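Both of the next two complexes hold chain A, though its partner changes from chain B to chain C.
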Partner chain A sequence: MAGLSITNINKRFGETEVLKGVSLDIADGEFVSLVGPSGCGKSTLLRIIAGLEEQTSGDVQIGGTSVAGQRAADRNLSMVFQSYALYPHLSVGENIAVPLKMRRMNTLQRLPLLGGVIPGKAQRAAEIAKEVAHAAEILEIAHLLDRKPGQLSGGQRQRVALGRALVRDPAAFLLDEPLSNLDAKLRVQTRAEIAQLHRQLKATFVYVTHDQVEAMTMSDRIAVMMGGRILQCAAPETVYDDPDRIEVAEFIGSPKINLLPVELSETGQVHLLGQPLSLTTGRRTKGVGSLGLRPEALFLTDRNAPLRGQIVHAENLGSEMFVQVEVNGLGSRITFRTTPDKRASLAQGATVGLDFDADKALVFDAIGARVRDIHSTTTSKTEVA
Partner chain B sequence: MSLADGVPHEAVAAKTKTHNVKERRAAWILTGPALILMVAILLAPILVAGLLSFTNYSLGNSGFDWVGTRNYEKLFTRSTYAKMFTATLTYVVTVVPISVGLGLGAALLINSLGRFREAYKTIYFLPVMATLLAMAIAWEFMLHPSIGMINRTLEMGCGTFLERIWPFMANGCAGHFPVWLGDKRYAIWVISFIGIWQGFGFNMVLYLAGLTSVHRELYHAAEMDGAKSAWERFRLVTWPALGPTTVFVVTISCIRAFQVFDTIEAFWPQGGGPNKSTYVMMFAIFEKGVQQNLIGIGSAITMVFLAFVMFLTLIQRWLVERKVHY
Partner chain C sequence: MTHDWWKHLLLILGVIVVIAPFYMMVSYSFKSPGEIDRGEGGFFGRQEMMVDERCVVRRDPSRAEITAAAPRFPGQNDRGIRDALVAEAETDCSMRPVVFNYTMAFTEAPLLRYLMNGIIVTASIFLIQVVVALPAAYALAKLKFWGRDAVFALVLFCLLIPVHAIALPLYILLAKLGLTNTYAALVVPWTISVFGIFLMRQFFMTVPDDLIDAARMDGMSEFAIVWRVMLPTAIPALLAFAIFSIVAHWNDYFWPRIVVTGNRDLFTPPLGLREFKGGGDGSFFGPMMATATVIVTPLIVAFMLAQRRFIEGITLSGMK
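Entry: the complex of A and B
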């Protein structure tokens, strides 16, 4: 097992620049998710790490050694593919054994009939069978070893693909959207199992997904990628609570963060819909920006509400409830979270007042960069009202 | 529903019954035309041929006698028919593996090309599209012992080092080069060569179609699993994925090989090559049944021919269902 270090990777496909100077350091045993919308370059980056794709410039190091010019087969990495890529003609056991056979047996020993009489084959085969059985045990697929992939369910195939990856103790595991072909329920279950597997193996995992929930729930760190760049790479809670950029804030979190257009004055005062809010920033330049409010940062209030509007839609999830409000004067909807016991007062069309937790408010400037120096001015709130 | 409507139970049953009868009748009416055509065009002629193979019928005769299995006895005892089976099997056993192998090789090579793919495809497919009868005439000219291009080209090798390392060349230069189509040692191989030349492009196209269905990600998985050489990737991914295609290609090639006729008819219209060395089944059927009007023996050969083809088809079905479907 080893850490990975990616330095200033660029990748072009003809005229299209897919990766623009991506750098990322992954510690030994760390679980890092590459998350972003489709086309952001996350899969390309993973394939460059794997060696299946060659970078236009930049360097990849595995365990401190550059692997430039080394082909995928020599990099000692394991990969789980989105389609699982199991060999359809081989049984589950044979599929898991392939990486070991390829590395430990020579061409003659691998021959179907003749291989049996080549010296050393029987002993190697026994070793391999033992390791395959061990991997199958870890993944609880020992009873499936004789079946063909075609006879397995999606979840079982996924386990076989994981088995094939972990059977040979690689430097790192690369997972390319391994859960996206599973149904919702199985996905939640397998998510927990992969996280558990990571704890058990203490191996380096690089996990590509477009699903921010997967990234949030499994990773030590999340690298949010967009437009061929890593916008932010930090622990899940940091990416959620303290995003560097508006794109990151928008991408991470479900339901999506509410973004309200605000104006910033020379004094640092933040104005929403022409009204000053109880927020000031340390940045004393005039301009427009955005106020990001997560659904849980908003709460219902009767008096002095900076936001008022009509309820247009409510989603009761049982444990919590998300309500969409058409805000007066804004022309867009915002979503807030509440508890289902308030649903009596939240009929469709009802007018509600909303306020927000100033500590949880995120302010972004005109180009989407985070404005961090924010102060709550609770006193001025009453004056304004 | 019957209770709610107040209709007696028996009436409903009767209604269902008439409905069933109607439905059955409609089914027969709809399948009828296809069924009649199938019986009239496919099954009846085979049945008639089967019956005729036990007679001494000739076209134009008012009657015929039943001769029992005498036609079949002739087929399996006379030396002419022994030659027929030898020629047919030699042709099939030569042409099928080589044309399948070349087809696969060409498909793999073309598939690995970035440019000129279409050009190569067209070139290799040209012999398939060309009329074999016309091509046979061209081949006949090229194979002509004295003025043909092939022997002329071989003569150019006389006096060079080829004469020293290749006994065939030495013999040719000392005496004369083969008569090809007139020599019983060469005739069947020349026919086989033309069969391969003509047929492998078809197999190549089938394999190219098969190759498009190979999952790209499997090659990446193979690379990650340590399959470094092209041969290893072929063994692990390509060849298994082409299993269904191979079964189909081999069966089709076999059936086509059994059916070889036009080159032989074009080269030796009067009877199956030098010393009957290229007297293949299709030609025998034509000669006996059509030229000599011996319908009985012609039908018997046809039945044996059909049995071969049926046997191959059954093997294919079995393989497709049991072995190569994952």
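Entry: the complex of A and C
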């Protein structure tokens, strides 16, 4: 087990700059997710950590020592691939044993027939078999050890791939979208199991995904990547509640955050659709910006509603309900969350008034940076609520 | 499906064209020379007892033999003893045509030796071809290096060069190195198969990169990847290549005929057929066809054994 430290990594493929000065420190035993849309460079970063790709500049340290120029095989990292990448000609047991065999047996002992007569082989083989059995037990695949990967279901292959990674106690685990080939139900289950595995092994995990739900549910910290940069790296709650940039706010959260165009005046007053809101910012410069409101920050109200519109679509998920409203004067839809018991009053086409929690409102400036120190200039609304 | 009858007819015609020479070969190997000349006797011939004239001629009794045999035929003169001995020889030399043909095939020429030579040469060629082609194909398919595309273009270019065009320079090269009339002369020119490199490269292109990366993470060197990961996944492609390579070199008449001059110990099976070509004492189609049948049998058996593996194959289904 060891921590990882990535310093100022740049990567170019020809003319294309894929990573632009990425730095990230991952503590020993931490679970960090690299999350972002496809093409943001998250997989490339993982492959650079693994040693499968070489960085154009920058340094990777594992457990405090630089691994520059070291082959993937020598870095003592394990990786789980999206396609599982099991050896199709080997049984499950042999697949899991490969990393141990390659490291503990010498070339002669690995020879198919001759290897049997080389001294020390039998003892090593017995050790390896024991460890394979242990790994199989952790992942509950002991009954599959004799099968070939072709005879396994997607979820079982996934476990074998995990088994091959954890059998040899690496410095860190690298997981490259390991759940994306599984069906939705299995994905939720395996998500919990990987989180459980992390707690059990207390190992360093670096997990690449494009699915923000996976990142939110498993990680100690999330690094949101876009355009070859890490925009924000923080705990899931922080990234969700307190995003540094508008892109982060947009990417994290489902349904997506509602973004409303606002004007900021010299006094710091925030105007929406020409009307002043009960919000002021510490920034005293005139300009345009965006007001970000999560679906759960919005609530129905009758009087003095800053937002009015018609319901165009409602999704009842059973435990909660997401309603899309076409806002008057805005020309775009916003989504708010409510409870299903209100659905009687939420018929299609009904006009509703919406207000929001000032504490949960996020204001971004014209270039998408977060404007902090927002003050709620409470007026009559609190009395209404 | 009734309107498909013409397709089947066409296929059947094709099959007949392909099968006919094999039919003739096997049929001739069963028949007596007379039946072959007259074109009678159906597929198996009548299998009447026939007398091997050459065997009788070989046993034509000498003066000493007649004298030695005198006690066995008391009261006969030399002429009588001679006739009796010839009659004895004719009985001993008479046999069924099929026995005659196949006995001739194995006794007239050291056919077993030729078959052994064939196995040594084709097996060496195929093994060395694999040893060369697999790493080359892996490098061309999966590694990034300067000039890779140029190298691959060269491989494609070499596919266009006919063997016969470079036969003479190759012969001169081998002759100057003093390698003619050796196994090396039969094997070395074929060890680098551009076709094999091309075929395996095309197959390796379909192997997912993740599998190779996984092998690297598991601690394999590039050579280990070639032999422990790529080779086992490439078995079906390798079998296809094996058929091309082994058939071509087992049946090759042209090259052995050029580099093996005189030394019969190095003859490959097709050269053995020459033993029966029509000389001064007439042709020996029966034994010649028996030899041909013996030569092709190992190929057909090998193909049938490999066929099942072909179909089963190790698919890459474990990957996705």
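In this section, the second predicted complex is superposed on the first by the 379 of 385 C-alpha atoms of A that agree within 3 Å, B and C clash if a C-alpha of one lies under 4 Å from a C-alpha of the other, contacts with A are read in each partner's own complex, and residues count from 1 in each chain.
In the analysis below, a contact is a pair of C-beta atoms (placed from the backbone, for glycine too) under 8 Å apart; a residue touches a chain by one contact, two chains touch by 3 or more.
Nothing here was measured: the structure is a model prediction, and the numbers come from that model.
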Superposed partners chain B and chain C on chain A - clash or fit: clash
Chain B versus chain C as contact partner of A:N181, first or second or both or neither: second
Which of chain B and chain C A:P149 touches, first, second, both or neither: both
Touching partner for A:G274 - first (chain B), second (chain C), both, neither: neither
Partner chain in contact with A:A73 - chain B first, chain C second, else both or neither: both
Touched partner set for A:Y87, first chain B, second chain C, both or neither: both
Touching partner for A:P99 - first (chain B), second (chain C), both, neither: both
Chain B versus chain C as contact partner of A:G14, first or second or both or neither: neither
On chain A, positions contacted by chain B and by chain C: 47, 50-52, 71-73, 77-79, 81-83, 85-90, 98-99, 102-103, 148-150, 164
Interface residues, chain A side, partner chain B - complex: 47, 50-52, 71-74, 77-79, 81-83, 85-90, 98-99, 102-103, 107, 148-150, 164
Partner chain A, residues of chain B touching it in the complex: 215, 217-218, 220-228, 231-232, 236-237, 240-241, 243, 326
Residues of chain C that touch chain A when the two form their complex: 208, 210-211, 213-221, 224, 229, 232-233, 235, 314-320
For the chain A and chain C complex, residues of the former touching the latter: 47, 50-52, 71-73, 77-79, 81-90, 98-99, 102-103, 148-150, 152, 157, 164, 181
